[in-house]
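The same subunit A turns up in both complexes below, where it pairs with subunit B and then with subunit C.
Right, the complex of A and B next:
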């Protein structure tokens, strides 16, 4: 029995720590990362796990660094949806931050382009 | 110093306190006596659990809300309460209030029940909250067995100090409870592994994996000492060493819980 305890306990330790799922990472977005699209009226982000809209959001800036007006984030599960308005032709930088349902924070950025 | 250092520290202190409450008080209940200083240790653990629990909450709240000023913003509290982690955290704060009240308590059973409640609530405060309900149940088994082991070691050291010797009946508790605890640790951990999965490559490839590897090594040393105690008896030094290693495992767990995998 004792011979079994060590390897079994090591496996358990490994397993127990494995309960840590990945923090919320951006899996895809609409408009898609790096894409060229018609002017959107909202930006949707899809994460690897559930996020909390109340503590998540985006900041959008045009190529000159001017902030774009965004609305209140909403969404359910792993999706975060943010209204945007007044996008003209050009490239935009989206900086996002998310709080997952396990309270962990992640952030990142991507660009997309609005076609003329 | 990592910006996560305060959070890791307060989590480690909280885990140590909760383990002492759950495993330490449980050990005394099985031992059926209260050597000098053991009740005081439980009271200190209760106070520490209350303080570190609130500290942990403040750090989490300000992190998710984005600033310390959010602590006085009703909207931020409303958003926090509405989040999936809101209710478990509010329950944690209630348990902290209970812990603060218990610093004047005399019955080890009350401390043990508090420790159990902290273990149960803890499943929804971190990574396990993201998994299926089955994962939460096995989280309880895994963390509960770990806290029982380490907390009982802490209390055995306190009893040995009070009685100026390592009590045979105390060691006997480990002799017959040690294997079930390890099996529970194993069972809970294996199911967690099946539900989540960690590859062996992670153990060297990522910071997350390296913390796991460190945890494994420390646990292996603990089991080696436990085996020595079973076979050749314990000394104060080896007992303290095993306890210190147990506290180190909990500290590693405190770091692991906020480390992004991958």
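Right, the complex of A and C next:
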């Protein structure tokens, strides 16, 4: 059993080290993923890790696939924001890509609906 | 005298070791919006820097022998998309036998990826190096074989099928080819004392399996935000099936497919994964009772992105 002590110690060490930055995964969004809401004036994404706004982005398209004009992404820490305006009733597709602070890239997409 | 009957304990050991020897690599993978977990019974199609430490397996063989395994596996990228795999297992049996299994070595190459359709395909070669484990219960010959790994997420289904989009399947199919066609052992007849030789064929096996996953991670990120505890947003309930079918050089009575159906769940942390599955033998030859497998898995590319977590020979990180 002694030969198991070294691996166990290594695992414990790694577990202690495992707070490093990682792939930024989307934890939640405003408007919420799959939600129906009143027309928002911005879209906010909250990630599991800090992201670099300059290398990250959010694109919005309506149900016909036409791009919706957005402002410049901004944010701090694990949040990424983009202003939007003039969203009419309908379903919108949000595509995002994020670069975490340790340069790992992730991407994703979701829909939300603006109520009439 | 020659006999083609398999050794009595061989099926038990084969079943017990099935989870760890048939599929040496268990790396995680991200393609497009999809994260495939590092499955426990079969390998996934990912190629990246990871460490499984420890993997704990408890099984009961067909003869009732209980087996506890403690395993590790390191996946190390050499260049982007190509990795080597090293793993081993310390086994402890209820009859008092214990020791290391044979060393497992492998290579794996990321052959194809399609982000919009969440498809990953990898190929590789896995091997078990004979004579490197405890002589009491490991083979003296090596086994080597080609492997194909694939994964497909269903996030590209139309939104009318939103409920199905978190589903994904992964699979693995490969061969285990012994380097020695048969194994000869010598003993004395218990009645006459006459020396006898016993030859057992070493079958070539088809190692195959698949997993069906329903990713709450994907559901929360891409379909519908999950209300409730944060824990739920990190779970991927999964069913795995891992099978070993003898296909060539098969001894009489040795045509039975061995395997397990595993039902469990993965928790996806920021730099690690925890996996827990119940192990259900598919037939009596594969085991007598349900078992358990648990694993702590580290994503080294996240923990050490600028050192051991990246390919040895440069290139951009995927």
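Rule of thumb we're sticking to: the second predicted complex is superposed on the first by the 94 of 116 C-alpha atoms of A that agree within 3 Å, B and C clash if a C-alpha of one lies under 4 Å from a C-alpha of the other, contacts with A are read in each partner's own complex, and residues count from 1 in each chain.
Rule of thumb we're sticking to: a contact is a pair of C-beta atoms (placed from the backbone, for glycine too) under 8 Å apart; a residue touches a chain by one contact, two chains touch by 3 or more.
All of these numbers come straight from a predicted model, not from anything done at the bench.
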item	value
First, second, both or neither for A:49, with subunit B first and subunit C second	both
Which superposed partner A:67 touches (first subunit B, second subunit C, both, neither)	neither
Which superposed partner A:102 touches (first subunit B, second subunit C, both, neither)	both
Which of subunit B and subunit C A:35 touches, first, second, both or neither	second
First (subunit B), second (subunit C), both or neither touched by A:23	both
Residues of subunit A that lie at the interface with subunit B and also at the interface with subunit C	8, 10-11, 14-15, 17-23, 49, 102-104, 106
Subunit C to subunit A touching residues, read off their complex	30, 32-33, 35, 51, 53-54, 70, 72, 90, 115, 159, 162, 217, 220-225, 233, 268-272, 296, 298-299, 301-306, 317
Subunit B residues within the subunit A interface of the complex	60, 63-66, 79-80, 82-85, 125-131, 135, 139, 142-143, 146, 179, 182-183, 185-198, 203, 208, 211-212, 215-216, 219-220, 223-224, 227, 230, 249, 253, 256-262
Residue ranges of subunit A in contact with subunit B within the complex	1-2, 5-6, 8-23, 49-50, 52, 54-55, 99-106
Residues of subunit A touching subunit C in the complex	3-4, 7-8, 10-11, 14-15, 17-23, 25-29, 32-35, 48-49, 102-104, 106-111
